[in-house]
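Pasting a structure below so you can have a look.
Labels run A, B, C and D following the written order; every chain starts at residue 1.
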Amino acid sequence: MADLSHAAAKSVTDRLTATLRRVALSEYLVLWLSVIYFLALAPFTPGLVSPENLVNLLVALLPLFLVALGQTFVLITGGIDLSVTSTIALSSVVGASIVNGNNGWLAGQWFAAPVAVLAMLALGAAVGALNGLAITRLRMPPFIVTLTGMMFFSGLAIWFTQSKNIGGLPVAFTRLGGNGWLAGAIALATGAFAHLMLTRSLFGRWLFATGHNARTAYLSGVPVRGVTLAAYVICGFCAALAAVLYTGQAETGSPVLGQRVLLDVIGATIIGGTSLFGGKGKVLWTLCGVLFLKLVDNSLNLLNLSIFTITMVKGGVILFAALLDATRHRLAGSRP
Amino acid sequence: MKTSWWLERGLRQAPLVLFILILAIFGALAPKFIGVANLVNIGVQAAPAGIVAIGMTFVLLTAGVDLSVGAIMFVGAAVAGKMALNGAPLWLALTAMVGVGAGFGVVNALFITRLRVAAFIVTLALLFVGRGFALWLTQTRAMNLPDAFLQLGSARMAGMPLPLVLFGLVALLAQGVLGRTPFGRQVLAVGHNRESASQAGINTTYVLGAVYLLSGVCAALGGILALGQLGAVTPKFGENYEFKAIAAAVLGGTSLFGGRGAVLPGTVLGALLIQSVENGLVLLNADPYLYPLITSGIIFSAVLLDSVRSFLLERACRRKIRMEAAD
Amino acid sequence: MNAPCALEFSGLAKSFSGVRVLTEVSLTVPAGHTLGLVGENGAGKSTLMNLVAGNLRPDAGEMRLNGVPHAPASSAAAAHAGVAFIHQELNLFPNLSIAENIFLTAFPRLGGTPVIDRSRVHARTAALLTEVGLALAPDTPVERLSTGQCQLVEIAKALSQDARLIILDEPTTSLGAHETATLFALMARLKERGIAMIYISHVLADVLRLCDDLVVLRDGAVVGQGSCNEFTHERLVSLMVGRSLTQFFPERKNRPAVEPVLEVCNLSEPNIVHDISFTLRRGEILGVAGLMGAGRSELARILFGLDPYAAGKIIMEGESLGRITPKQLIGRGLAFLTENRRAEGLCLEASIADNITLVALRDQTRTPFRLLDFNRWREAIATMRRAVRLTARADDAQPVRTLSGGNQQKVVLAKWLLAKPRVLILDEPTRGVDVGAKFELYQLIFELADRGAGILLISSEIEELLGLCDRILVMSRGELRADLPRAEFDREKILQAALPVEEGNA
Amino acid sequence: SKSRPAASAAGTSSERKLTVGVAFETLQTGYWVAGFEAIRHELASRDYAMLEAVADGDANRQLEQVKSFITRKVDGIILVPKDAQTCLPMIKAANAAGIPIVLFNRPAEKSEARSVAVVADNFALTRETVAYQIGVARASGGRREAMILIGDLGDINAVGRRDGFDAAVKGQEDIVDVVARVPTEWSQEKAQAGVVNALQAHPNISFIFTSSDFLLPSIVSALKSVGKYHKVGEPGHVLLAGFDGDATAYAMLKDGYLDATGVQDVSFEAKQAVQAILDLRAGKAVPDLILDPGFVIHQKNLSEKSSQMWGAGVGKK
């Protein structure tokens, strides 16, 4: 009898360690971490599990996810796009200046909102194309191209508006970001499409090959320049899409919108598992990374910690996640 | 034969040529710009970011990155400021600051070499931790420091402002280490490929660790120079220095993928270039809205020129199979 | 002879994530002897040597170096113990100079300072380079060297370490005949100095000529061991592959057709190639012989649209190719297997599957959205794996980096074969490939030719050219020196034409 | 409106301690810290609990923070928004949840969203300050070359102060000639370098206005380095004026180096903000805009006004 229960206990612990091992070695470790973090903090954090808060969390996560999604494409090619934040700001003010009810170019027209959205997306893609062209045609390093892009486009947005915010946006426009369902649908559709593109399309394979070894890829008939260019265009496009959501949430076209999210974007993508050196990345990884980062943010807000503590804890949590990831790679014998 | 020699020479020195070009343009628009006093000014103002960028260059050469430099400056300044306000002598406060830099460097190094966490993440995390900690230390208040700090910034050595002298010394020393010591060469090897380097018998743990330590110390030194000019610590102290430093290094031709780059003239020239543009714009009393547009435009053109240059150089140096039999 | 053996292994074992790569390997190398180590691709030769050189640690067993237990914790420790390792996959830093690569971990310094003594580095490098027969300045950046020259630098580096045991892992793969002879002379001198060597090569003739003892590995276990004169070529081969191999070149059934697929007329690029003209016919295997630096690889690169050319014409299947990218050329049925498989042939971190399907990806997609058809994809991979006989031990999803050198080459070949090219340019395709696999590759080349593809085969192994080709071009210093039909094949004639003509009588 | 004792409001819900969420856009200058502390002090003195959040300059993050306040069912929200527009969704969210919301120091744009704002008028106060400075210049005779340190052009307060400056100097070209406009992006370093450079280009500059007092140390260090840091009334004194009224400004006024600064009355604003929340909860009518008149403090009214200057209080602590 005692023996039996002993054996049972042993099999339970066995299964437990096996499960733990599987979790530790899973490529979705960050997701598991998020779950554990959530469960561990739930009892101490007032309001964390409340439905409104969960909805808030998910809605807040969407635009960041979109920006990070675009960044994933660029990171897979081994590049980086630092100009996403100013792309957000620039398309925000351009969209708002088209659609706003006070002195917008299309103020009051029924088609103002769709035109504004299209213009924003086109602008984002154009900024991405400029980055991409400088990188592929002029052979400039992505970091510097997009760093100067960050300065330039943000300067342009501020100059364009002469520092003023643009309010008075019609509901038809702000609903896209302000309404959680719509925003969720947009992000979900984009995410699913991107996932399909990365895993199933020719372009996706080319993207990874370019990131692994551009030289080999070129010699194997991959249009390396086109693929790289496309990655930056996609990144700009996604940033503009995020700008639609951010602008909708803030109900304002602002030349400084999203200026603080850059490190969050890259941090979330990397925590998810995408490599800064190219050739590795998944939409789901990025989603998990964003989820994790936003969950940490949200819980720290609810815990009513001071700004100092929040900043420090956030750093610590990022480091811890990365440490676990590194350990996982070592256990699995693969490279980070 | 002769012309191609000149062409190659010119191409090799392109960053310098560009720098002189920019000096000439601003000089023509604002004659005061090329006055000795102003040029010295540019040097002094470029010194803090320049020194940080020198440390960053070493890190970039190993294909790493150190995003924590700005936070290190802030924590160091906060600690030094607190000490100075509580009556500690200047040298002690400054030593503590360098100690903070070294400490952060060691933490970075430990995580990156021993625990094998990606440098980007480790230093990003330390950026958050550091800034949070320093904000707590200062309670987000500005701290006005004793005059001793300001005197440090305006002191002169051999007729030159101390910051400029220090900048020059650090640059020379760093270039010496990079170009003339085994360690420097090993940094380049590790940057090309960490695994190959370790197979070639290089102690990569040591090299990487040392590089982050260096970067931390350089950040602290840069912080000291910034304190010497400002005489105060504010909550924004050191903010965005990581980008400034990386920009200066990359502008000077250092690759973010490691293995390629130099402190002299490279990074130093990069830091001076950025500062010259800002300085020139103020002298021209340019419209503030145009600052970011012009600055980014000039940095962009500089890097564009550099990439055109390396492309042409590569072509000029393409391997030749047949000796020129004709002549 | 009572001197301790230079190196002794007993019961060494090693596995990678559960897969056994070495089992119970025991062998000895007497001091001053040269041990030949042969085996198929993936037999575990490099892995075994990595244990000695401290890059990997054995799971079981022990090593003794000069009688002392040898368990290096790192390659630095192994080098300190007197082991020098010339890697199969070259391990140099292109961003550093030759001298810096050689002395990277052992720079002579100025007095007690940490400053490099440049003049001493320079002088010692110059001496080493003379010894290996490389006429280059010590401060030449390594990125400007060809693969062959890199190999010589690796050897110079091993010499610089004053090692007691030198491991040479396929050192001749990219050396020309002349350089190889220099290397062998050098090895003879080293042997006189009493230095023990382990020589790994797939050129069995060389192994039989150079070595005192031989060890044959198969699937990670020793299957044959003894003094060199106990072995013959045939016996070695049958030990290696586990069955007897009666011929080294497969039977060629078909003869080439007459219609040309690729015509090159008066192709010139200053300092690279000069006035090259030839015609490649359907089903023909056209060899290109030449010494190292003859410009053969450069010619191939121009043909594949990688480098520009100043004058001349390239005509493929009747159409003139202007400036045209590799992608377009591939679309027209051209394929190019480069000589540098790690940098240009493979995505090392990507999986075997992804590498194999990279060129012909479009054929694995399905309309309407051109999404990958995974069934077709898997099928293509399986077919190609069978066709090139890739080791069965490797999983499709495994990164190519983990494959042995020969298997990596098979992956590159598989990648190109999957695209069903009509003109195939092969630059040193059998470099580092074992005899058994070579035979299979030859068969593949023949099959391809039989299906009507034209094949331009650049090779430094004259035997291979003689055995495979319908016609051989000989290049020297960027010029075409001879165009020999099969009837005129003659080793001496080829060598003669390949030697650079002195400037005076050019 | 007169502030009332808290007892009445507290009495209505004596069973539960009231909780107020305080969301600041930034804490990066002394002024905001002082405001934050003043509110904390005010709430503590009335025995209310406080939840805090700082958005670090990110409007979307601030929206998340306000939403989490709402999730935690606070009884009132005091908000320092990034600007007049981005706070509208936050106000609407609070309105929808029936939670009173008061904007501290920065007003919201007009809209159907209901909020109360306690503000100082950046534009007017700056104009007054600079007008005083010009008056001093006029009295001293002669034309002066002038410099303004502009804040972050993405910050509405900075823009308001710049516009106030421009309005004040307009039509006064016979007295001041603005030769340098230094963009600081609210960075001390940029300010310091900018001032040094401008002084290099225009050594005759003798009239400086900074959009915030926290940049004063940078100006002082730059002036010292060229030997132009003198007291008011001494020959070679550079006319200096600022905005905010922080501790540095107080010290410099006291020591006779600073001519004037525009002061916002932090404790007044804090008291008003808390009171407004109580009034709103009690269902009383509260005006949409509660103005902090602010004042210009200068050498002549220093002794009389310094007790109202928050920087003087911080300095004493």
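The working rule: a contact is a pair of C-beta atoms (placed from the backbone, for glycine too) under 8 Å apart; a residue touches a chain by one contact, two chains touch by 3 or more.
Source: prediction; values computed, not measured.
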item: Shared interface partners, meaning chains that touch chain C and chain D; value: A, B
item: Dominant chain pairing [most C-beta pairs in contact]; value: A-B
item: Far-end chain from chain D, centres as C-alpha averages; value: C
item: Whole-Å separation of chain centres (CA-atom averages), chain B against chain D; value: 35
item: Length of the line joining the C-alpha centres of chain A and chain C, rounded to whole Å; value: 44
item: For chain A paired with chain B, centre-to-centre distance based on mean C-alpha positions, whole Å; value: 30
item: Set of chain A residues in contact with two or more other chains; value: 158, 306-307, 310
item: For chain B, residues that touch 2 or more chains besides their own; value: 135, 140, 289, 291
item: Residues of chain C touching at least two other chains; value: none
item: Those chain pairs that satisfy the touch definition; value: A-B, A-C, A-D, B-C, B-D
item: In the complex with chain B, residue positions of chain D that touch it; value: 27-30, 33, 150, 153, 179-183, 186-190, 192-194, 196-198, 200-201, 214, 217-218, 220-221, 224-225, 246, 248
item: Interface residues, chain C side, partner chain B - complex; value: 53, 55, 74-76, 79, 87, 91, 93-96, 100, 104-105, 107, 109, 114-116, 118, 144, 146, 271-274, 293-295, 298, 477-479, 503, 506
item: Footprint of chain D on chain A - complex, ascending; value: 46-47, 50, 52-53, 56, 60, 63, 158, 163-167, 178, 246, 249-252, 254-261, 297-298, 301-302, 304, 306-307, 310
item: Residues of chain A touching chain B in the complex; value: 134, 138-141, 143-145, 147-152, 154-156, 158-159, 162, 263, 266-267, 270-271, 276-277, 306-316, 318-319, 322-323, 325-327, 329-330, 336
item: Of chain B, residues touching chain A in the complex; value: 67, 111, 115-118, 120-122, 124-133, 135-136, 140, 243, 246-247, 250-251, 255-257, 289-293, 295-297, 299-300, 303-304, 307-308, 310-311
